[in-house]
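What follows is chain A paired twice: with chain B in the first complex and chain C in the second.
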Partner chain A sequence: MLKMYLSLIRIRFLMMLAYRVNYYSGIVIYSLNIGVYYFLWMAIYGDGQSLGGLTPGQMATYIAIAWMSRAFYFNNLDREIAQEIRDGTVAIELIRPYHYLMVKLFQGFGEGLFRLLLFSLPGMVLVSLIFPISLPGMMDSSWFYFSLSLLGGFLINAQLNILTGLLAFFILNNQGLIRAKRVLVDLLSGLTLPIHFYPEWAQGILSFLPFQAISYSPNMILIGGWSGHEIGQALLIQGIWVILLCLPIQLLWTRARKTLIVQGG
Partner chain B sequence: MLSIDARNLTKEFKVYQSRSGLLGAFRDLLDRKYRVIRAVNGINLQIKQGEIVGYIGENGAGKSTTIKMLTGILQPTSGELRVNGYDPHRQREAFVRTIGVVFGQRSQLWWDIAVKESFRLLQKVYRVPEDQYQKHMTRVIEVLEIGSLIDQPVRKLSLGQRMRCELAAALIHQPSLLFLDEPTIGLDVLVKENIRRFLREINQEYGTTILLTTHDLSDIEALCNRVIILDKGNIIYDGHLEQLRTKWGDGKRVFLELERDFPLSILEEKTGGLPITWEKRGPKIFTAYLTSKEVSVSNLIAHLLPEIAIKEMEIKEATTEEIVRKIYQEGMVHA
Partner chain C sequence: MFHIQIFIEYFKQYLKTRLEYRGDFFAQFATDLLFQGVNLVFILVVFSHTTNLHGWSREEVIFIYGYFLVPYAIFSTFFNLWDFNERYIIKGELDRVLTRPVHSLVQVIMETMTPESLLGVVTGLAVMGWSMSQMDYVWTMMDVVFFFLFVVGGVAIYGGIYIALTSISLFSDSKTDIQPIMYNIGNYGRYPVNLYSRIIQFVLTWILPFAFVGFYPASFLLGSSDWKTFAFLTPIVGGIYFTIGVMIWNWGIRHYRGAGN
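Right after this comes the complex of A and B.
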């Protein structure tokens, strides 16, 4: 079983390598994004030493971490699933002895791992040469919690993507939905704006949504913005979301399989 | 043992109908009308282990829907279905390990990676032991002549090359039942022949049951001893190919060009008493229809000679294609 999933990750690696030019341009785009947000935030800070409990140095690190971890958790599972449903390729997946969505998840993981190793790590080196970024020491325990939290963020984001993709079974063209979801995730996950900069009432609502667990939690852990207690709580919330999101996915998948009409013969 | 046992198998689809005009579109938002279409209408299908069965029908007759139910992709609306002893839809993951499927119109290989990598992945997916994989696949690759292709990514292969790779991929786990949905569509004669020979071989050697849908009746003639014809969701014929021909084939047609012109009545008189009808198609050119199996071509010639000299002669038997077309057109129900 595990062997099969490892092979799936390997295949995804090979496929990404086949189109490696794609991610060279990615490095440039991400670095630009980091630059833009860095200068924007530094303008907001002005001469101030602290905003929302973060120093300018922490903020710069937050931006860099947020974008580089986005390279890991971001994937196109929603679009892929919708595409496979629309053109009927899903039929091929159903004649294989595996769980389609599990396979998708592992493909997304393979893709994320690829970008983490060949994109985020070199990108991070590049970015830290340009901007004043301070990361914890190699042996610091926050790296461990960060990795755990990053994995949680990946899972939640992948689950949301799977959910959006599966809606294609019911709404045959869900391109708009996919795009809306993407913007929503970037905005509400803390990527463009850390959650604690939202007004109180919005923070209250966001704490009941899964988005903040995708980007905000791992970032805050790594820049040292949280105490041990807060870290534990954030990880727990991520765990709960991962389990909770399984329910609508399973429900949708079971219903989808029953009503499946394979399009195009 | 029955490979496929379907009783009263039915599949219905809901098809949403949209109203016309802008107003209609708004009304559709609130209250959508749909119509139920019966794609497969209570068919019975029993196929024994080791049979090669041709499953034919016009476009939209319900062939693909049937295949999709038999492979567990679609859930039947009603009826009983056992394939290889499993309920295909409910026990999908265990069931699909026992079948191989080739969809001519869809690739099951990964587009961007080498064919060999796809095979390797499928080996892991089906958990085929290494030594068994080596032994089996070396042979398959050799017979299908794809040894030189499998290092290339699928996107670089031609259709015929890809199709042979697809077939190999469907056989990695040595399934006892093979579904082929239009496997030879768009292929040239040589590749077709290679594929057919290979299918016959695995059928004889491993006793693999093969269910084949096709528009190319020469596939059926080359492979199948049993043919099932589907029309509008109903099975209208299930039996031997030979029988189909004797039952529905209209005997032979003989095209004749004579040395001299004769009026039709003379010819009719000559063969009076025999089940032969004549048609005049031009000066000196006639067609004789031998409407019964009783009468042979030599019989016909014996009656014409020596007075009526024959210059050219061509004998035509109804092809399977013509027979099938006739069955579709007349839509006759044949139990």
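Right after this comes the complex of A and C.
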């Protein structure tokens, strides 16, 4: 069983490798985004040495890490699932001897792994040549916690994508919803704005939502913005969200198979 | 007159297809609003930690963003050319367009337009109105005239650049990723450009003149005279880029051989 899922990762990885040229433009786009936010934030700092507990150097690193991690956790599972529901291929997927949603998850992981190695790593080198970024030393333990947290972020984001995609079973054209979710995740996950910059009341609300566990937690760990205790807490919260999000997915999935309507064909 | 008639027919057709998936139509409205709201949230949160951004106050930055939304909305309405390569070249729709007696670009624009994006004009005006009332700033009659000129110029710059990029598909049917790159560069124009480094300012002014879509005209309409000359250049730059775009398109159409078998 595990072997099958591992080969799913491998196949998706190889598939992405075949179209690798497309990803060089991605590095340019991400670098451009890092650039906009870098200049904006440096203007916000002005001559100040600290804002919300972060130095300008930490902020620059935060922006770079946030975008390069996004390359790893971002995927189009929502769009793929919705597409397969709309064109009816999901019916074939359902009679195959594997769990459709697990297959999707592992495909997403293969895609993420590919981008991490061939996109984020060279991208990070490029960006650190342009902007003043400081990363912890190779043997620093924060890399370990960061990897754990990044994986947690990937899982939570993938689960949210699967949820949005599955809604296509009930709302036959859910493209608007998919776009809206994407915009919201970018804003509320801490990608463009570290969560502790929000006003108190908004932080209260955001701490009860899964989004901050996608980007904010891994970034804060890597730039050294958190103590050991805070890191443990953040990882625990991620774990809880991963488990909690399984519930609505399972619920939708069971209901969806009962009420499956294949459009056309 | 003939073109207006054609436009109305296309518009009717468009409404019929859109209203078939009514839920999606309104979802589009909602996500557009959300998208515009998200950027405002960013500006508001940022200004809760600082009082000025390289000398620009919160209201001024919001005004510049609100202004940017207006030309950008008109551009997204008529130059929705994202899937041109897929739809017109690979699927061969362009052959059909070319057999008809209306200019090919006009047809493509009318077939791909999304009038619901015009909602962004309303949002933009509302945002500008709000920040002007906060600053107690009032436009003269001349400002209104300039506003129209600048918006037309901005749309022409955006339109020209995208027409030129889309024309690449006429020469080669392989996919390029230049459009999304350009889209991201365009985002630089909606903040005061003097906060970027000199090289970026130069690129945004003379090579990919996105600063003329947002910042330069908006700063003039705010009563700042530092970039006055640049603001007045907006319609001219727009005219030049749009002409170049259309010329490349026409050249591409003559060159086009079709992808099919």
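As a convention for this text, the second predicted complex is superposed on the first by the 265 of 265 C-alpha atoms of A that agree within 3 Å, B and C clash if a C-alpha of one lies under 4 Å from a C-alpha of the other, contacts with A are read in each partner's own complex, and residues count from 1 in each chain.
The rule is simple: a contact is a pair of C-beta atoms (placed from the backbone, for glycine too) under 8 Å apart; a residue touches a chain by one contact, two chains touch by 3 or more.
What you see is a predicted model; the values in this text were computed from it and never measured.
J.: Using the superposition on chain A, tell me whether chain B and chain C clash or fit.
T.: Chain B/chain C on chain A - fit side by side.
J.: Looking at the overlay, does A:R179 come into contact with chain B only (first), chain C only (second), both, or neither?
T.: In the superposition, A:R179 touches chain C alone.
J.: In the superposed model, does chain B or chain C contact more residues of chain A?
T.: In the superposed model, C touches more residues of chain A.
J.: Mind working out whether A:I29 is in touch with chain B, chain C, both or neither, as first, second, both or neither?
T.: After superposition on chain A, A:I29 lies in contact with chain C alone.
J.: Determine, under the contact definition given at the top, whether A:L244 touches first (chain B), second (chain C), both, or neither.
T.: A:L244: touches no partner chain.
J.: After superposition on the shared chain, which partner residues are touched by A:M102: those of chain B (first), chain C (second), both, or neither?
T.: Neither: A:M102 stays clear of chain B and chain C.
J.: Give me the angle at the C-alpha centre of chain A between the C-alpha centres of chain B and chain C, rounded to the nearest 10 degrees.
T.: With chain A as the vertex, chain B and chain C sit 90 degrees apart.
J.: In the superposition on the shared chain, how near does any CA atom of chain B get to one of chain C? Answer in angstrom.
T.: It is 9 Å, taken between the nearest C-alpha atoms.
J.: Can you name the residues of chain A that touch chain B in the complex?
T.: Residues 3-4, 7-8, 11, 14-15, 18-19, 88-89, 91-92, 94-99, 257-258, 260-262, 264-265.
J.: Which residues of chain A touch chain C in the complex?
T.: Answer in residue numbers: 22, 25-26, 28-29, 32-33, 35-36, 39-40, 42-46, 48, 51-52, 171-177, 179-180, 183-184, 186-187, 192-193, 197-199.
J.: Where on chain B does chain A make contact in their complex?
T.: Those residues of chain B that touch chain A are 13, 64, 68, 71-75, 89, 92-94, 96-97, 99, 101, 103, 105-108, 110, 112-113, 117, 120-121, 124-127, 153.
J.: Spell out the residues on chain C that touch chain A in their complex, using ranges where they run on.
T.: 21, 23-24, 26-28, 30-31, 34-35, 38, 41-42, 45-46, 48-50, 52-54, 175, 177-178, 180-181, 184-185, 187-188, 191, 195-197, 200
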